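For reference, chains read A, B, C and D in written order, and residue numbers begin at 1 within each chain.
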Amino acid sequence: MTASPFSPEEVARIRADFPILARTVRDGAPLVYLDSGATSHKPVQVLDAERDFYERLNSAPHRGAHALSEEATAAYEGARERIAGFIGAAAQDVVFTKNATEALNLVAYAFSGSPHPGIPGSERFALGAGDEVLVTEMEHHANLVPWQELCRRTGATLRWIPVTDEGRLDLSDLDSLLTERTKVVAVVHASNVLGTLNPVDELVERAHAVDALVVLDACQSVPHLGVDVEALGVDFLAFSGHKMFGPSGIGVLWGRRELLEAMPPFLTGGSMIETVRMEASTYAPPPQRFEAGVPMTAQAIGLAAAVDYIDALGIERIHAHELALTERLLAGLAARPWVTVVGPTDLESRGGTVAFVVDDVHAHDVGQVLDGSGVAVRVGHHCAWPLHRRFKVAATTRASFAAYNTVGEVDALLDALDTVPEIFGDPRLRGAS
Amino acid sequence: MTASPFSPEEVARIRADFPILARTVRDGAPLVYLDSGATSHKPVQVLDAERDFYERLNSAPHRGAHALSEEATAAYEGARERIAGFIGAAAQDVVFTKNATEALNLVAYAFSGSPHPGIPGSERFALGAGDEVLVTEMEHHANLVPWQELCRRTGATLRWIPVTDEGRLDLSDLDSLLTERTKVVAVVHASNVLGTLNPVDELVERAHAVDALVVLDACQSVPHLGVDVEALGVDFLAFSGHKMFGPSGIGVLWGRRELLEAMPPFLTGGSMIETVRMEASTYAPPPQRFEAGVPMTAQAIGLAAAVDYIDALGIERIHAHELALTERLLAGLAARPWVTVVGPTDLESRGGTVAFVVDDVHAHDVGQVLDGSGVAVRVGHHCAWPLHRRFKVAATTRASFAAYNTVGEVDALLDALDTVPEIFGDPRLRGAS
Amino acid sequence: MDLYQELILEHSKRPQHAGLREPFEAEVHHVNPTCGDEVTLRLHIVGEGPTAVVEDVSYDALGCSISMASVSILAEETIGHPLSEALTTFEAMKAMLTSKGEDPGDEEVIGDGVALAGVARYPARVKCALLGWMAFTDALHQSGHRVAVTGTDPEEGTP
Amino acid sequence: MDLYQELILEHSKRPQHAGLREPFEAEVHHVNPTCGDEVTLRLHIVGEGPTAVVEDVSYDALGCSISMASVSILAEETIGHPLSEALTTFEAMKAMLTSKGEDPGDEEVIGDGVALAGVARYPARVKCALLGWMAFTDALHQSGHRVAVTGTDPEEGTP
């Protein structure tokens, strides 16, 4: 049994930082929030940091010479440095976006049918018929649909790595999928459904051997594991702030410097330019080139505070705590023969996300029953519809953990789950037969 | 003399809602914030609304069946309705973006070289050689560069309406600029430099006569005038939340329903889809089609609170108050022969933004001196570089007003301005010679 | 849970009139994008204008208990009924489901539909209960029957 | 204001060595994107390696008093000096300007440059004071003189 490094007292102290966890839902049931994979809650430290910015420094960064603007710029760029440091990156290689989805689209839109005449090196991002983009069958729509659209625009071909019954990438056919035609490999680091951690090392090695760029969707890893962009060896990495105790409305794209420099701009407008004439414009170096308009200033500062919060707890300890909860949940589900876990059933290469189905009961009905007891889980295809199709289910029920979750909450989920067969008839008998 | 509808007591009460206005800058100078055109400050009502959302309802909207998610969805969609109502629009025609820049890019990216096979009616958005996009010489980069890039991508031609010495659009040559080749007319409602209010009625009539779509950059009008999308008759309208007492990180695109429906998606990913298969996807109707990923939930709610705040004061009264301050400033500047206003010097069709230059002193030096007295103004080209080139200046100094500004602050600006010639020599003599 | 009335569970386990049958004038396929659930629905109408009668509603559905029960009730409450009456039933169902719990539903008009009254308190599930009805009105529209139908927009009535 | 030392105002009103002259090995054009100010700068170097001497720095500049004063001081402090010394001056200027006010500057090394010490307290103006210097190091780079130069990135040293 994996033990959590957090004592119950420590978890209680953590919980006290999240006012929302004290509330009740429906008719007075205490909230059991097991949906941090969709979005996490925010500690007062993050809320205070945002508010403090608005009450003391608020101003448009990079847009003025007055004192407030200077202070806001320093705070904004300080936040960039802080967040970059958290993933082992240099500040100038970190671009702020509104969410991970924008970050992934930014990379996909860097590619087009022809190089940008104003950006030396942008030939690297020209795609056409005969070129291929490789994704996986377990991608979140955010790391799938932008590549479908890119292929539609350029005539390139989308290919994908299938998923095994155990919920792992099936690399057996990789040689024919990943070839010198492949220009991009876009893959999720930790699946937001299965919890699977993908073998980034192997994929990077194979991709780089054929000169393909690797785009890593790190939405479900950066909040829960220690992620270091250099150690990973990928070319781009995207994640969202709101899943890691940060505010809504901010995401991050990290890119290898020489690639960012060779990328055409995406959103254009104020502060991303070098010179503007009516006839044409030239563009600033990264990261400014990719941050058009007044940015998510307060949100960047809030996210930096979230990173401080995570660092104070220790990301390794958070991961271990979540794995301990995951283990308890997996054991509880295994003891219920009418429940089937979709994804790895042990802790090997796994994050704290557990998806499952209940025999003969639709995931939305399961979720609704749990919700009636105050247990908040996510139901549906979790923006990974092809993955669900592959497992021949329309929807799953998903529990996902954060530092503030407790053993008692896992038990509350299991207890509430036991009322499902009571309500919908007794699949236990069927399950046992 | 225009009188402000706000009594000094009322302005004092308003100021009390903005904690930052009580601070000092540099070495103890009280802050005189005349840079609301770059970004406005936020009243506690807005900060409270955001915080309350995080502390009570935080969850990912449209992504779950549990209680919190339902409440967050209701709050988010309620905010959309509130904000839509403020501009006379239906909620379903309002798309949330991260800022106005994204909103304008969203429209520009809807156009491309070929229709989207999955979106009926998208032929309307196919451009090519021979087609033209018409902008003006006074556009903010956010409503200029996206159109330059669109023309580069599609082979269409960019044309522009020049600006007169008085800082008005020069429509004398409109017949040759706006023809049946014109597909889009993109124009700013209120100039962020000159303060000029442009003749939207006339432009809409002329544009629609040749079947061109009108995109209005309303960043500087929605916060200060009563704007009604139906009355304006435009096809698209964009603005930012942060200039109207709202949080950073949220903008709005309004579009005519049949146009939004015919527009291909821009950012793709979660929650904007209808069905997703590995091979291809189909897309949700607007506004969801244009809101990929977990949205700026708290920011939408904050912006709705900002709209409540504006409504409580009355947008017409805000406008009148700002015009009274503008008149006082224009009079003060006119009395200083060494100062030249760039833009209209009277209140006719004008907003509360005043740009000027001081003889023989660079705008950044003027701004720095003002800043030394606590007066925060913006200096530079204000993201309207071609406009500055047209007036043969590299940079101007710009004061811009909001509801919380006072007559005393206008006087503080003028007093500080008088120290400029003291420091840099006495252009008064030159100005008078 | 108050949501899962016995009647709902019965309908969802033994959906009435399930399966796809002939003849039909219109067949539609509707998907609920949030969950991926689907319904294929066929409509067979006999007669024209005020004398039109819903002769058959047949369907193949995959979904949650709420959507399954709702389409089953739809079939039960419309097959063999004058089209105008079926539309009244639809309007009454929709009014109840989008009332946020204020309209308990009239058993005289919607029959077993009243068992779905609790759904109105769960905005995320309203779409489930309307899925079949939206398919029904869409099929009606496609069959060319010119009857004033409101709310064929599947987005309407959900937050 | 402490920022506008008399020396700065003098240099900015009467920039030393202004104008573009021949001969030169490299000419560069730099723009400060935040304000639109520009400088065209020519560099003439005589000799090679350790014996190289900055024979002339000529320029055409349009900018604020800080940028004008800075390029004027640059010309004054580098023309006629060994290249290695000019680079030391550059390094010392840059260190002072990016010190956030902690490094007051050494008059022995940077001469009138010390008048710009106050700029370090105004991050938005650091770029102004560095504009000419960045053009200088860029020109040096383009002239092919292989001297280790740090900080030719115009973004560096600004927030």
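In this section, a residue touches a chain if its C-beta (ideal position, glycine included) is under 8 Å from a C-beta of that chain, and two chains touch if they have at least 3 such contacts.
Chain-to-protein mapping (UniProt): A, B = Cysteine desulfurase; C, D = SUF system FeS assembly protein, NifU family.
Nothing here was measured: the structure is a model prediction, and the numbers come from that model.
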Open item on the list: Treat touching chains as neighbours: how many steps, at the fewest, connect chain A (Cysteine desulfurase) to chain D?
Closed with: 1
Open item on the list: Between chain A (Cysteine desulfurase) and chain B (Cysteine desulfurase), what distance separates the C-alpha centroids? Give it in angstrom.
Closed with: 31
Open item on the list: Just the number, please: Cα centre separation of chain B (Cysteine desulfurase) and chain C in whole Å.
Closed with: 45
Task: Centre-to-centre distance between chain C and chain A (Cysteine desulfurase) (centres being mean Cα positions), rounded to whole Å - done: 37
TODO: Go ahead and note the Å separation of the Cα centroids belonging to chain C and chain D.
DONE: 77
Open item on the list: Give me the residue numbers in chain A (Cysteine desulfurase) that touch at least two other chains, ranges are fine.
Closed with: 64-65, 69, 273, 275, 364, 368, 379-380, 385
Open item on the list: I need the residues of chain C touching at least two other chains; which ones are they?
Closed with: 34, 36, 122, 125
TODO: For this assembly, give the contact graph shape among line, ring, star, complete and other.
DONE: other
- [ ] Using the contact rule from the top, write out all pairs of chains that touch.
- [x] A-B, A-C, A-D, B-C, B-D
Task: chain D contact footprint on chain B (Cysteine desulfurase) (complex, rising order) - done: 361-365, 368-369, 372, 379-381, 385, 388, 394-395, 423-425
- [ ] Sort out for me which residues of chain A (Cysteine desulfurase) touch chain B (Cysteine desulfurase) in the complex.
- [x] 19-20, 23, 25-26, 31, 33, 35, 38-39, 41-42, 47, 50-51, 54-60, 63-69, 97-102, 104-105, 112, 117, 137, 140-146, 148-149, 152-153, 158, 160, 240, 242, 247-251, 265, 267-271, 273, 275-281, 292-299, 364, 367-368, 370-371, 374-380, 383, 385-386, 389
- [ ] Mind listing the chain D positions that touch chain A (Cysteine desulfurase) in their complex?
- [x] 31, 33-34, 36, 122-125, 155, 159
Open item on the list: Touching residues of chain C toward chain A (Cysteine desulfurase) in the complex: what are they?
Closed with: 1, 3-4, 9, 13, 34-38, 62-66, 122, 125, 128
Task: Touching residues (chain side chain B (Cysteine desulfurase), partner chain C) in the complex - done: 62, 64-65, 69-70, 73-74, 77, 92, 273-275, 284-285
